[in-house]
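In what comes next, subunit A is part of two complexes: it sits with subunit B in the first one and with subunit C in the second one.
Our next item is the complex of A and B:
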């Protein structure tokens, strides 16, 4: 058993199974939580894209990677609130 | 050339749920067309909340029917949808809200929603981490809940496929095929972005944020407008509260998802109409400020991701369902105004019944577009 997404413990087998059923990377992400953990898919999404491309006979460039979203690193709500208060003071 | 009984435009929760219900009722020659991927629209960006606490009798009934379906949906579809019947706790901070809550709860109880008014102290007992300072009263319904919207959508789609429904993913509908028969329009099908034509007896507009644009392809004017709504999720925590909590005063709702993260949204009253779904730092800051007022224990908890989606608003914040006079074969299920996920199971079944010419199991006739002919009246006030 090999984990592709370590944060959410999603295995290669699971991705292979869903890719064979025809699901896209975005759909698999939402079905398994792959890439939705603390690291936000920094490594696993690319590995998964390669697996899916292989199984579905697609070129890697045809596999759309999910939009990378803010925050780039996890940030505390308290810090965000400090920024809010500061922007109101200015 | 392909010929279908029904073509559904949009692979969100509504499109997939109608497709499933049609197939369950025996109609298999159905095609769902989705331009991106299943649940890529509002559905996959949604808060996942499911409540029965509404301000009109008809809305309460519709929501109650949906909850009944959600309660057994994992069994019916054979898939995990992360259904969690943890209730909804609505907080009133102003005198006006208190009055409104009292009226709503009386109405809801009359219709049979197991809701009750609770004091701020009781609210604190239900959610010990909540800061109840300033809460005048709260309303609590333990049979409300939440679920994972993408999983619900994909589960509906999977079962529809099993029943014989076709799905066309990654193709956009760019036009309608409409004949003019003696002044009456008759829908014949759709045109795709690659020029291909697909013929159908009936077409359902389930295009979410793009409902208005898709309506125009069939010569139908729909009074809907889309607005961006932003949302974020924290790192996972052990479950420490069950209900979805709403404060209309803070324009905030939040819940703890199955994986442990706290999902929270803020409906910015200054948002202008658009179909954009980008995220802003302003939202993250405001959201943090509001949530820490309501739940100060979250101060050191980290945000891992933020995103945005669309509310497709109708003039009275209620969905627009059914046929349109003078356009035969055209159906719509649009304008869900930020609560289309929770209504999907009941609406999906009722729309399928309507499209098959049957009586609907719950009244949805009051949601016809014809209601706007004489202006807008019963606005649903309870929307964040």
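Our next item is the complex of A and C:
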């Protein structure tokens, strides 16, 4: 297998197929979970952007990266919830 | 409770530490970093730096880190290692960091320097998920930080400085370096680093790349192939090279998530390594609270990262306090220009010229 996103096991074949159908990087992310794993797309998004640009005849500067959201590193949801509850009490 | 500082620096690599050195004693500063040791990539660098005396010529990276950490602490900067920054929250204007005990901290600065560095690029080939395939920097971390030998025989892809230096360090660690490949027609790194591995008997093959990884549960061999002038594989030139380690060293990309969360404008500038936050020559982004320095602002070297860190620090100081920074900042601009002279400085230099144009387009 030729992996683009190792965290979520998304292959090059899958990205190529979706790019040929005209989907954007953001859309492919939502459809495949590419970039939604442990590394939050640090590795795969740039590779995928290049593949999509090539297939859709675009310049890389025209490919917008998906919105970056917190947390950028894995954290236990319980910890976030704890902090949220505490901040409400304050 | 929100912890408040004048300046919050994310990243204790060369850029972050150099900035903290300038700011310490002048304003309140805290530095957040996810690693157990400060110094970023510097502490893995056992080779001596080039340049002039001002840029630590003749020093090894690890000694530069030790010196800067000492200076920063002496100036009263709070160096918080094992603090992983989860994100920048624009509405509350703060970063959240998780410490080594899993406790979350809300930390706010009047200014922020995100010196988040870079991430190694990967590429796509058959079986690229087999254990034994590493970024060269990751393998270097295992060896130089944790004393772990990542394998016994390596194929290195990429003859830039990182590929060459890590290959040499692997030889020192007793790893057999089968060969160094590079898809481009020439060796990308400095001659002095290439000469060292070639003298040790390691072949460097230009216009070669990895076709596929071979192995059941882990890497057992690498199939390599020669490329023609159009970078296409030439049929019939495939060779199988036995190896339990394949290191990929084909470039770095700036780590930019925090900038994106802070609403900083991001543009694609190939000469700077890809998507980078737009910044002016004072290292200020399109969000006036947020500054950038080092590889996060464009892939370059530790020496330029340190100067950029100082420039960002001086600019923040000028914004925060009524102090005259002009002479000092002019000196750093000259210093940066000196570092970017010559053959290897031409790409970042061109990238930064493009960046200045983008910055003025966005009113910076």
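FYI, the second predicted complex is superposed on the first by the 80 of 90 C-alpha atoms of A that agree within 3 Å, B and C clash if a C-alpha of one lies under 4 Å from a C-alpha of the other, contacts with A are read in each partner's own complex, and residues count from 1 in each chain.
The rule is simple: a residue touches a chain if its C-beta (ideal position, glycine included) is under 8 Å from a C-beta of that chain, and two chains touch if they have at least 3 such contacts.
Predicted model only: the values in this text are computed from it and were never measured.
Superposition model on subunit A: subunit B and subunit C are shown accommodated side by side without a clash.
Once the two complexes are laid over each other on the shared chain, residue contacts for A:76 go to subunit B and to subunit C alike. Of the two partner chains, subunit B is the only one touched by A:24; subunit C is not.
Shared-chain residue A:40: touches subunit B and subunit C both.
When both complexes are overlaid on chain A, the residue A:85 reaches subunit B alone and has no touch with subunit C. Centred on subunit A, the angle reaching out to subunit B and subunit C in the chain A superposition, using CA centres, is 150 degrees in steps of 10. When the two complexes are overlaid on their common chain A, residue A:65 makes contact with subunit C while staying clear of subunit B. Figure legend note: subunit B and subunit C, brought together by superposition on chain A, show a least Cα distance of 5 Å.
Across the two superposed structures, the residue set of subunit A contacted by subunit B and also by subunit C is 40, 67, 69-71, 75-76, 79-80, 83, 87.
Across the interface of their complex, subunit A is touched by residues 36-40, 44, 150-151, 154, 169, 234-236, 259, 279, 281, 284-289, 291-292, 298-307 of subunit B.
Looking at the complex, you find that subunit A touches subunit B at residues 8, 23-24, 26-27, 30-31, 33, 36-38, 40, 67, 69-71, 74-81, 83-85, 87. Taken in their complex, subunit A has these residues touching subunit C: 1-4, 6, 9, 12, 40, 42-44, 46-47, 60-61, 63, 65, 67-73, 75-76, 79-80, 82-83, 87, 90. Residues 1, 34, 84-89, 96, 98, 102, 104, 106, 119, 121-129, 253, 255-258, 260-261, 266-268, 270, 274-275 of subunit C touch subunit A in their complex.
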